[in-house]
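Which chain is which? They are A, B, C and D, in the order written, and residues in each are numbered from 1.
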Amino acid sequence: MKKLINDPRAVVDESVEGFGMAHADIVTVHADPKFVVRKAAPVAGKVALVSGGGSGHEPLHAGFVGLGMLDAAVPGAVFTSPTPDQIIPATVAVDAGAGVVHIVKNYTGDVLNFETAAEMAQAEGVRVRSVLVNDDVAVEDSLYTAGRRGVGGTVLVEKIAGASAQRGDDLDAVTAIAERVVANVRTMGVALSGCTVPHAGTPSFELADDEIEIGIGIHGEPGRHRIAMESADAITDRLLEPVLEDLGLSSGDKVLLFVNGMGGTPQSELYIVYRRAAQVLAERGATVERSLVGNYVTSLEMQGCSVSVLRLDDEMTRLWDAPVHTAALRWGA
Amino acid sequence: MGLGVEWAVDWLKLSAKAMAEHRVELIEMDRAIGDSDHGENMDRGFQAVVQKLEEAPPETPGAALKVAAMTLMSKVGGAAGPLYGTAYLRAATSLGDLTDVDAGAMAEALAAARDGVVARGKAEPGDKTMIDAWTPAVDAARNAAATGGPLDVLEAAAQAAEAGATATDPLVARKGRASYLGERSAGHRDPGAASSALILRAAVDAASSPGSAGTGPE
Amino acid sequence: MKKLINDPRAVVDESVEGFGMAHADIVTVHADPKFVVRKAAPVAGKVALVSGGGSGHEPLHAGFVGLGMLDAAVPGAVFTSPTPDQIIPATVAVDAGAGVVHIVKNYTGDVLNFETAAEMAQAEGVRVRSVLVNDDVAVEDSLYTAGRRGVGGTVLVEKIAGASAQRGDDLDAVTAIAERVVANVRTMGVALSGCTVPHAGTPSFELADDEIEIGIGIHGEPGRHRIAMESADAITDRLLEPVLEDLGLSSGDKVLLFVNGMGGTPQSELYIVYRRAAQVLAERGATVERSLVGNYVTSLEMQGCSVSVLRLDDEMTRLWDAPVHTAALRWGA
Amino acid sequence: MGLGVEWAVDWLKLSAKAMAEHRVELIEMDRAIGDSDHGENMDRGFQAVVQKLEEAPPETPGAALKVAAMTLMSKVGGAAGPLYGTAYLRAATSLGDLTDVDAGAMAEALAAARDGVVARGKAEPGDKTMIDAWTPAVDAARNAAATGGPLDVLEAAAQAAEAGATATDPLVARKGRASYLGERSAGHRDPGAASSALILRAAVDAASSPGSAGTGPE
């Protein structure tokens, strides 16, 4: 394991500290318990958005704190959901009286910790709603599992719900739009390599030179299938097919196409994947109205990518286009 | 006579020792079917428990377990944090103000812990989770309580938990992160079941050689 | 070699095609000869900026085409400077009569090809100025070498000179501000791993588990020294020291601190490096006025980073802050 | 009689063949002290030259070399593209409209090529560049021209270039990408010197077995 780190156990502390220094115009970092809030929070009259989860997925979530997106992010240890004693004060800190939406990726740990935190924040008088993101179509048979994971689609939920809150929608409306995004986004991922959790020191899994993992999550866990290496086009087809099928995409649909890097894949490769995915969508009669390509929901230094498709309606498109000013996503502001 | 607060504190300290010693092993188990953090999380959490216990020594076994509950809840995170947190909280509530835990109270405290995990995590036996260590442990503890003392209860629970943890090897996970792997989760031990067995073994050691955890920091 | 590609020789074509599809609102891609121009170009009355170089450094340069930055980017084969037959039409296409500035990273190949292109574009009536970027302090004894390389600092030159052109400065003024940035920026890089050129198929160099390369460029070439792995803080000190020394940084200076990922290093690690670099700058009495952290000038999937320091004056800061709307850098627009 | 356009076309085709055959070797040399592209670039460039020559067969040796110059300039990129482009352009200019290249004209064309590379690249002998193949080649060619025919000139040039390329091994680079390595560039052959030697050897082969490059596409 070779990493640009000091003490493996100080990775999250030092990284979040550096993040706070680099983006002091946008965020304030609370060291203990650890959470990151939007400098302007609480914003009078505005519904607040809080998300969080294990670290190692940067820029998710702290990179999305700011105008038009999250009010607070709560980073746990690497790949470990944060604890209620972080989530509660973050929730209280950003509440302006209009209520708080927790955006939670569907993992047992995140669900349990956010659940406890929501309950206790409510007890302190904060109105809290929770939205579960579960866009990963790699998890089949969700009856026999912990359910679909929340992966790449999370950033789309955070952007669109964030814009809804920013324009002044109330708690019900923000919750509803977040749920509408969840209902319309699907994702599937592939790994060309594992990743190494700093405190573990060995790769999450080892792949031979001609193997890839299809259907991975974002925690370095192995996927559903290991297959022989294929061309970028063939891999893209393999990722996109279940996404489109599950989404029930029909000709004439307008979509947002999101090709997300897992952290260690160069941008040039992401655009090769994007090219193929856009071609396939065009063949199916869908219109790619908006695009996002880059490292947004990562697994440390893993090589690979995920492909997300969000079926857009006009309101979602408008909210996507609305100004956003965060460390990792910025336009119109 | 039953087991008192000294036992409870020793139990938690020996648990911390076990988590530190088995940290890498638990990480490795979680690496195979999860996300490589279970050993790290448990180690971090229990070190914090030991520190808390030293800062403010508890007066009763229940109070000791409550410290563990609150600390694990706030320091561990992931799935294991809330689940173990709830387990210790329910056990603490079950023990109430007792200063001396007899066989019956011990078995019921373990049952309460298990029920807490089920209430939070909704796992059933056979789902390849820590429940597969706790459920046989509770059954064995209750049986032992009918005839033996608290040490017998703990010994029975620990043995059953160890067997239960081993028995998770062939299972296909249906809860927690390992469930995403489907069939590929078979052939690996569940890390939460393994840590549960270690914790119950620590309870035996604390009871059979009182004071063995020492009083100072590790 | 495992990459998300199809034919190794089609990597640049397909990647640039995908880039053009994803950012059709900002750029137009010319396929043969290959170059990428700003959709709005030529912009009446505006001095045009053209840059280019080998591919494999994405988002450099195409990711910086757009309002307030480049008017055209000319991608060569991977790690191979483009040819005059690409650079000339790109130059002609974006000239609005106000002249064109070529921003050239100092490599023999880039210099020779841009030199020829400039000469021929001049012959076609375009006024062309060339600015050489040579910020890499890893190259000592520039008398005995091809001179200092152009590395991370290039993006700062492109942003600030781009803003100068955007606000309507004339050819002399834009050239002068570009040269002022070059004169005030220094960079040094480290690699934790090599990178694999697609057509070559083997890593540019192999490092043992406990080795790193100090003083690398951005083409996978080995650095000046191979040393034993160190902590992030120690590595940062090692990169920053020669940068500050060469810059002659004094207490009271205002700087822009740029921590650049080489492509395969997670953002969390870049922020750990940023944290240390910002601490050291504070200790030296410098004020970090602006920051940039991320993968901007990369070497394919290489793990590692570079640290750049730009000594700012008020005008440079204003130009840095001016609106920019490109695929990879966007604010205020 | 000297060498005509058939020789020139064969030379370029055999050069293309040599670049394809030694592509990996040249990439490997460049990987050691550069950026792994020299073999790829030269291969791509010379394949394009062959195609151009077939599309519009040239009438004179000078015209053939001019096609090579323009094509390499526009297809190779990197340092080698403009340097080789200039070399062929200067050689073409030196040959002018000659249909038959004798020993003296051959030696002067090679000298013009070398001077072109020096004019563009500013390298001196010993800087560990292609100049270290071309400079001894030009000296040997001029010597051979005093007594021999064009084939003798080419043979002398090729041998000297091969020796010159080999002699770059111990040198520390002072120009081009390898110069960044400082002392670490010693112990490796310069890829541009190696490709230059291959190209001059192809000139010999084209002269000694006319038509050996075939006329159709490779």
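One rule holds in what follows: a contact is a pair of C-beta atoms (placed from the backbone, for glycine too) under 8 Å apart; a residue touches a chain by one contact, two chains touch by 3 or more.
All values derive from a computational prediction rather than experimental measurement.
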Chain whose average C-alpha position is farthest from chain A's own: D
Chain centre separation in whole Å, for chain B relative to chain A (CA means): 32
Whole-Å separation of chain centres (CA-atom averages), chain B against chain D: 75
Centre distance in Å when chain B and chain C are each reduced to the mean of their C-alpha atoms: 54
In chain D, residues with contacts to at least two other chains: none
Residues within chain C bordering two or more other chains: none
Chains touching one another, given as label pairs in label order: A-B, A-C, C-D
Residues of chain C that touch chain D when the two form their complex: 33, 54, 76-85, 107-109, 112-113, 115-116, 138-141, 144-146, 149, 197, 199-200, 202, 204-205, 217, 219-222, 224
Interface residues, chain D side, partner chain C - complex: 27, 31, 33-37, 40-41, 44, 73-83, 120-121, 173-177, 179-182, 184
Residues on chain C engaged by chain A in the complex (per definition of touch): 1-6, 11-12, 14-19, 21-23, 55-56, 58-59, 63, 192-193, 207, 209-210, 212, 229, 231-233, 235, 257, 263-276, 278, 288, 291, 293, 295, 298, 300-301, 303-305, 325, 330-333
